[in-house]
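Both complexes below contain chain A, partnered by chain B and then by chain C.
Right after this comes the complex of A and B.
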């Protein structure tokens, strides 16, 4: 115990007993330290808090409130907004149930006095095709260092104070972000029932996935698209996501098993800049789920239980769920499991790519938007798998040089190899999408019965990219250097 | 209803490939299995013509299949390799003596020369004697460290250029998981490499790196290969057991998971500023080591001094004393002597 005065109310680890107020101090400090150490959230920046209703995201919202409150010793200086996405349709919930959840969420969010957005996952079907393109031009140029930015922010604030604006909250909202987009404090939009055909389309899409693993992965990918879209359209340049270190340890293990090894630093690191213009940060990654639960309980932080895809599913129903029960079980026997896994991930970085450099867009995965990890040499698991496929299929396909070409030839020739149904029925065949995906998303897509259930913004963008690639192939010999024009 | 082979489309399929899910006939399976290993060998440039290659042979399924396939491919594709079987006798009665019989039979069937090196002759201890002193816990540490070195020593005696081991895809995926869970970043980086230890030691390679364990068993079954399948009589590694069970569950959910994990492992990249152990040589025996004294020498010293715990866990501070042949203090001795069961 720190203060050595008050009596302890909880023990976090062996030998770490805390009284109520010391625990609060410890918890609040961790949040500030995480943001202070990493220096990616700039003063005056608009930050979208991705809120799921669960314990971690509630604790996160609470920490932001705490940090922005008038009497906080070292105030946070960003402008928050909250986003909740209702995924009830995916779990086959009735509209009444979903409405009930949403109004519960709305009550919690209203109490924060932050602007918030409540959307349904069905909105995916209204996303524009450009959503999957990189808006590199729109990345606000941050001139100078974090220190300078803080300095100039404080200067601005002082000037305004002299102008007579005294209320701190008012000042915050009046300061514009670096790219001068007007601060649009969106009013809490009342949730409206999504179109029935969109709900049906969403259910169709998830029903076409043969495994729960693929369903969960698909939901994760699509949810990220929607978050990104909201952030972009409302001028948020950062998104805060509330994963605890327990959650991240599970994510790390399941992502390794899903073949996402190359992207572990992006998928689980503090900041994730794969989208370029909007950066995801994970300020809760130092807290264990246990700490969060204690905090929420001691300080009456609300949370809402919302059934998810794997609720009530058996322990080994999906790779993600299996990883979770595995980590939990191992943690019980070896209490350092979560922290060890988490520390291991700290030592990794994004491979072979400099994400600050503008990259040829085709090198990004259509779904997860990470730089493709399929440009491996012939001595790799990726090629070995393709070789096995080729060798187990018809002999006529044996002599084609590369796997990519074999996919093309086989589809153009009409004698399709695997999923003949999906090839002939859909406008965009499996193969057209597959070569635009990273290793892991290819595995996920393989578990879908049909591609054309995907939202049109994905299919259209796939067509668009394929066309551009064919075009490029045609004119390749006339292009002078390895210059990658934006597509 | 009989299903036709998805590859030749004429023969009846007799098995479903665990790796791809295709139903294939026996001949097509043999061909695919062998071609895949050939592809691995060629694409990773594992061998050069004229090389002398030692095959680590335990008598188990992996090394039996490895020896068989290498012999077949060597003749089919004229690798021009001289193949030799190298076996390690750990001195475990009721286990290794039986499996060595299998290796000897294999030697005759495949007409390959065989060299057996024993713990007894290299270290003066058999595993049976070690277990008597160490107990059932931690004895795998001794066996693993000693075997690694014994195989190298045997290979050196024979003057081979390379050693092949029978590690399969399941083993690699399991190791990736385990090193990740243990936070062993140095091993995590190395464990997916198909060839290791190019400097100093004899290079080792794993031609079965992309072969599923189940397919290896299928291959051995249909080829009617003679192998020995009994678990070691001493306690199995508990932590690896967790990783193994998890991998089996993953494979049941999604058969490609094994390859997916290897793909993950191959594409992990470690930050430049992470401290990595530096490879040096052991001052006592000259074997590669990241410390002044290699693990085998530390373990051996512990056995000979009657302090079996010396090599379990980290006791780097004591290394200088060991090197100078100095006696340990009483407190240190007490700590390392006790064995709790």
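Right after this comes the complex of A and C.
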């Protein structure tokens, strides 16, 4: 107990009890401290809050509101917008249920006075192919330090104030604009019922996944694509995602089990720069779900419960679910479990060799957009797994030599080489996509019954990249090596 | 013998799904020889309120890990957990923090 006056309402660590008002102070301070310490979000920057309707994202939105309020010390100075993605189709909810959820969400978001976007996951089918490409050119170059940026921002504000535009009026117009745009958003983009064929296609795609593990992973990947797309098209350079440390501890364990060990720093760290132009930050990663739930309960922060894929699922129905029950069970007996796992994740960094690799389009996984972890030597575990898989699948064993034979014949023939190349190009088969993926996404995709159900922007981009690779191979001997340029 | 006591039970974070989606319940616990504590209450909930899949709410003789319990808006860890002696008009809240409820 800090104040030693009021009666305690909750324990966070053993022997560390808080009263209501001390807890509020602690909670609010933690959020600002997180952003202040990491210095990633610059003043005046547009930030998209990825909002799921759950307790953590509601607490996050509430903290942003609090931080932007005028009387707050250490005021936050970015420009927020909120994105909600309705995933009802995947969980087989009826349109009526989804509509009800969305209007509940809309009511909460309207009350924030921030501009917001409500989308359905079906809009994946309207994404452009270019969305999976890195646009390195558009990465805003930040010259100077964070301190300078804050200084110049404050200077600008001051100049504005001197020009007679008072801060209050400025703020009012800002709110006014926010109000207008929120109305616009809710009227145009949101709530229009997605096309029935898109809903059907989405359901088809998820039904073609054989395991709940793959479904959950696929949903996570596709949701991220949609968030990235919204951020790019509306000019948000940061996305705030509300994962608590409990969720991140679970994700750490399940991602190791899913074969995403190489990307742990990106998947669980404070900032995730895999997309280049849009950076994901996780400001809630210092809070446990217990803290968040208590905060929401004690200070009446609303939240909407939306059934997910794993609602009412049994303990070992998916890797993610199993990791969660493992962590929560351990946590019940050993209260420092989550924090220990989470502190471990803080110490992880992407290895130097990965970051210095040329940021080539081909080197990124088509789905999760991480740097591929599959360029390993023949002595690696990855290669061994691949080999044993090939050997155990009799079908591919036969295919491999025959493909080699045909290649030889082709090359002998000379002319037919082009023909066969164009043939394989036009049909995007499983093989074509698989070699564009990281190890973990390969495993996920293997659990799908058919590739054709993936949204067309993925298939088209896969085809595009395959063609580029083949073209590169064809002209390889005429290319100057990257290394030779240095000499 | 103790007199019957009235309680308000609340379920949140998805736990309400196991109770027909009803979040707030006003219940009266019958009189019994020992005073009511939370351990007894959980058994009573399991027998009288839970509609399905009791293992998603109660495991062993306590709540499933990941479900928070609040007694009159305070952490039950401060109140003696399972041994807390229920009083008339107490408000007990169960919040699931698990993904998907």
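Remarks
As a convention for this text, the second predicted complex is superposed on the first by the 416 of 487 C-alpha atoms of A that agree within 3 Å, B and C clash if a C-alpha of one lies under 4 Å from a C-alpha of the other, contacts with A are read in each partner's own complex, and residues count from 1 in each chain.
Note that a contact is a pair of C-beta atoms (placed from the backbone, for glycine too) under 8 Å apart; a residue touches a chain by one contact, two chains touch by 3 or more.
Note that the coordinates shown come from a computational prediction; the quantities given were computed from them, not determined experimentally.
Contact with chain B, but none with chain C, is seen for A:393 once the two complexes are overlaid on the shared chain.
Of the two partner chains placed by superposition, only chain C is touched by A:293; chain B is not. Taking chain A as the reference chain, the count of touched residues is higher for B when chain B and chain C are set side by side.
In the superposed model, A:472 lies in contact with neither chain B nor chain C. Of the two partner chains, chain B is the only one that A:385 touches; chain C does not reach it. When the two complexes are overlaid on their common chain A, residue A:464 makes contact with neither chain B nor chain C.
Taken in their complex, chain C has these residues touching chain A: 12-14, 16-17, 53, 56, 65-66, 68, 70, 73-75, 77-78, 93, 95, 97-101. On chain B, the positions that touch chain A within their shared complex are 6-9, 17, 19-20, 22, 24, 28, 31-32, 35-36, 39-40, 43-45, 176-177, 180-183, 185, 188, 194, 210, 242, 246, 249-250, 252-254, 256-257, 259-271, 274.
Contact residues on chain A toward chain C in their complex (touch as defined above): 7-11, 17, 55, 246-247, 250, 289-290, 293-294, 297-298, 303, 305, 307-313, 320-321, 324-325, 328-329, 331-332.
Those residues of chain A whose C-beta lies close enough to touch chain B in the complex are 211, 213, 252-253, 255-262, 264, 316, 318-319, 322, 326, 330, 337, 340-341, 343-344, 347-352, 373, 376-385, 387-389, 391-395, 439-440, 443.
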